[in-house]
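Each of the two complexes below includes subunit A, the first together with subunit B, the second together with subunit C.
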Partner chain A sequence: MNSGDGSMAKNLLTGAVGVILFLVLWQVIGAYRLAGMGWPTLTSVLDVLATPSRFGTFQRAVTATVRSVLLGYVAGFVMGFGFALLGHLWPRLKVGTDQTTAVIHAIPAIALAPLLIVFFGLAATPIAICALNVFFLVYNATSSGLLSVNNTHGDLFTAYGANRYDRFRWLELPAALPSIAAGLKLAVPAALIGTILGEWFGAPQGVGLLMVAAMQNFQIPMLWSAVLLSVAISLSMMALTSLIEHYVSHRFG
Partner chain B sequence: MEPEQGVTAEPIDANPLRWLYSIFARFVARFWGVIIILGAWQAWVLISGYNAIVLPPPLSVLHQVATNLGLFAFAGLQTLAVAIIGTVIGMLLGSVAAILAWYSRLFSGLLTPLALIFTAVPAVALVPVIARLLGYDIRTVIAIVAVISFFPSFVFTGSGLRALPPGSADLFRVNGASTWMQLRYLALPAAVPHWMVALRLGAASAVLSAIIAEFAMGTSGLGSVFSEARDSFDMTRALGASLVATIISVIGFLLAISAERIVRDRWD
Partner chain C sequence: MSVASIQPTAPEPIIGTAGIPAINLDRVGKNFRLDARREVKAVSDVSMNVGKGAFVAILGPSGCGKSTILRMIASLDEPTKGTLSVLGTTPADCAANHRMGIAFQDHALLPWLTIFDNVALPYRLAHLKADPGRVAQLIDLVGLAGFEKARPKQLSGGMRQRAAIARALLLNPDVLLLDEPFGALDAVTRRQMNVELQRIWSEQRTTTLLVTHSVDEAVFLADRVIVMSGRPGHIIREVAIPFERPRHPDVMRTVEFHHLVNELTEALHPTEGTGAP
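Moving on, here comes the complex of A and B:
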């Protein structure tokens, strides 16, 4: 692709036009009921979001969800990173760690929810499902990143007689960082999916709870508002992790 | 009879006990994590004395599946079929959108930021929305799976169509190939390995997302077996449904991985 300033501005402009076209289409479909009663106009959704009497509700829900997402994200990162290290530093365990994460990931989250409720309680279940989703992505990103060492660099370390620790600290870990950062970005939507799903199972607060309540009471604009809130949380975390990924891939890539 | 030469004859002349042991060791090396989890689960049930409504032991879940094979097989096949149909629809739409974006710079400019935004949308949040639009039945389940496989397919097909061998595009242009011929003989073949990556990513989550949608709809498949069983406090049956779902999704994922490997070997 061309990389002049002019073409970049042009790309941004077409992109903005695309987003605006999408929003107009949303409004038109809603206004003329092209998709039935379940599709509200964009303006009616924004109206709900801008109603001052609802601010308290939205704020409590978003705070609860963001808190669960962050806690689950950190817990999932620590577990995924730690488990990947285990498999990397003791290669005999590697097949087993791969297999275990694959199986854990293949268990439907809705199946785990009742068990997690037994173990952690209703309020912590969103955190636990979020952590499990993040765990899988971080495990894969870390273990493939640790293997992505440049052969020449590896030979150099061997030739100078580096021990296992130095090799890990100065060669493998830095080489894995770009992959880990990419994994952390991918983990954002997965973290939100886990949290919202967990909230569906009866968490006391959160955006997911707002969705269920709106769906059961046929409050369509409210339902879409809750979805928009979850997208806003996800997009802002994506933006943050993209910045981190950009920095890491420049510094270590 | 003379023992045959070669690798196949080796296990026979070894001590059968040692042979069994090596199989056992390989099994443990592969599944130690799963064995620990199952063991901890069984032990937890024994120690805590929970009854089967709260937490049934793994053995009775296995027994449940074995004695109700018909029910689970039917629901499992239903879920599998919905997952496959949804994935096919989503991947077709994603590929068509990627080809349009390849063909027209304007279209690509319009679509790329939208696609970026949509990858950030938590897919389960769309379940209640789509259910309101399409109805509380199997169509919503198919639509959810299609939406989830659309984006990997769009992104990976798009990058594949542009991952051409160096100089090949110039060669086609110099020889006066039409856009159609460039697409048919150069860009599409180049996209196939990337397309398989999208298939692997889609296959991994298709069954799982189908189950989440079925659980919310409660009309078909393993998800509804699960939700009905849970509503009547039959946790053993609910976990049986999860077990079958896990097995199906692992098999689907493994099939997609080997399909990807076969295609990559053939293409390189």
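Moving on, here comes the complex of A and C:
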């Protein structure tokens, strides 16, 4: 996990080479129509993205999606973390919290969407699906993290007469942080998938809406532009959570 | 630095009754269940008393149950047979009252705390107001001055072990349990730590039970040395150590010291001796 500086630079280099290869391949496949009409050249997609008259549309869509993702992400985190704490601090509730979470996760978001639309409205449904996805991952990461305490540390706290709360505050919680941070990183793609899915059901704004509209009008470069925008949102959130994870695993691991 | 300047901050002992041994084991046995069929007999029929203010060392071959005995006294394991009391009460009560200091084979420092905060941890767990001066003094005493802000990861194995000992001494415990705390140290540091521990101990007379593999260490530090047999561990020999306190490191060069060391080594490895039974 803690790769040294040398191997980190090497990772970056291989990563960059990979990305460039991918982009070149994309352009070639598009230029020679190797994958049919649905695959535009990279340059035509970039053309769309760089059209000044579309900036307003893109900006509104990205703002709406980022807002939904962030709200859903935070709400999902708070619920998942809180629910996991509940099950951890009151072990009698643990079976209940585990099962509730498993059941919620087992219902496909597609099936829940009509209900969510009725409850929260079209505009808030992306937030709700995003929150549900994040909730599940954070719940699991927190629950397992709180149990990941090293045996000798547990013994130390017992021998020094730690009460339940102190054991949680000074041992279990810090020991759980690396797992929680890893869960937060894992939750980024899930959050974005949930939000875009929610937007497909007819949200008034968003990158997901842009995709649906482009698809229905067969504006292929536009569709790909929307996909690229969502990838950009996902990658920047991934970069941020990776930094947090790196710090936390270094400090608490 | 003067050791006498380190003042106890722990609350008054829960019992002050003279005559009650600080640690009492009465025919204690411990079996570990491996699976539905198999059990390991780790300790069998161990009875011992550690008087208030006594320093007792336990020697014995690897796997004979020394750590198991210490863990039972620290309330970390339940005996299968017999009874066990600490300061006239159960080990669990004694631990809950923050009367114990403990240093394991494994330093058990928390990786996310600095050395200072690790040593100060017992204050937090006992809900006592932290005395930063005492923490600093103890860190100095174990030779870690300057490393207060370091994290355990940045220290050597021996330094971590010393931090764990400082932590064990912090609350001036009524019972100090040490499980090979110097096992990871080089010979020179180990001897230094022995001399230091002996000095601290001679002033505070904390009831101490030390598990060690070093016969020299046991004889230099303890009032009484207990030798255990191989598994299932039971007591095969008890030897009183007569040296005056405080003990000067020079006692380790006396004939009497060597005599005791030989006697105990013989008890530990009877086959190596000439007069094996």
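Going forward, the second predicted complex is superposed on the first by the 238 of 253 C-alpha atoms of A that agree within 3 Å, B and C clash if a C-alpha of one lies under 4 Å from a C-alpha of the other, contacts with A are read in each partner's own complex, and residues count from 1 in each chain.
Everything below uses one rule, namely that a contact is a pair of C-beta atoms (placed from the backbone, for glycine too) under 8 Å apart; a residue touches a chain by one contact, two chains touch by 3 or more.
Being a predicted model, the structure only gives us computed values, none of them experimental.
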**Prompt:** Where does A:S53 make contact in the superposed view: on subunit B (first), on subunit C (second), on both, or on neither?
**Reply:** neither
**Message:** By the touch definition at the top of the document, which applies to A:F252: first (subunit B), second (subunit C), both, or neither?
**Reply:** second
**Asked** Where does A:H153 make contact in the superposed view: on subunit B (first), on subunit C (second), on both, or on neither?
**Response** second
**Complete:** Winner on subunit A touched-residue count between subunit B and subunit C: chain B
**Asked** Which bits of subunit A are touching subunit C when the two form their complex?
**Response** 150, 152-153, 155-162, 166, 170-171, 174, 177, 251-253
**Prompt:** Across the complex, what residues on subunit A touch subunit B?
**Reply:** 10-11, 14-19, 21-22, 35-39, 92-93, 95-97, 99-112, 114-115, 118, 188-189, 192-193, 196-197, 200, 208, 211-212, 214-215, 220, 223-224, 226-227, 230-231, 234-235, 238
**Asked** Hey, which residues of subunit C end up touching subunit A in the complex?
**Response** 71, 74-76, 95-100, 102, 104, 106, 108, 110-112, 121-122, 124-126, 177
**Request:** Would you pull the subunit B residues touching subunit A in the complex into a rising list?
**Result:** 29-34, 37, 50, 54-55, 106, 109-114, 117, 119-126, 128-129, 131-133, 204, 208, 211-212, 215-216, 223, 226, 230, 235, 238-239, 241-242, 245-246, 249-250, 253
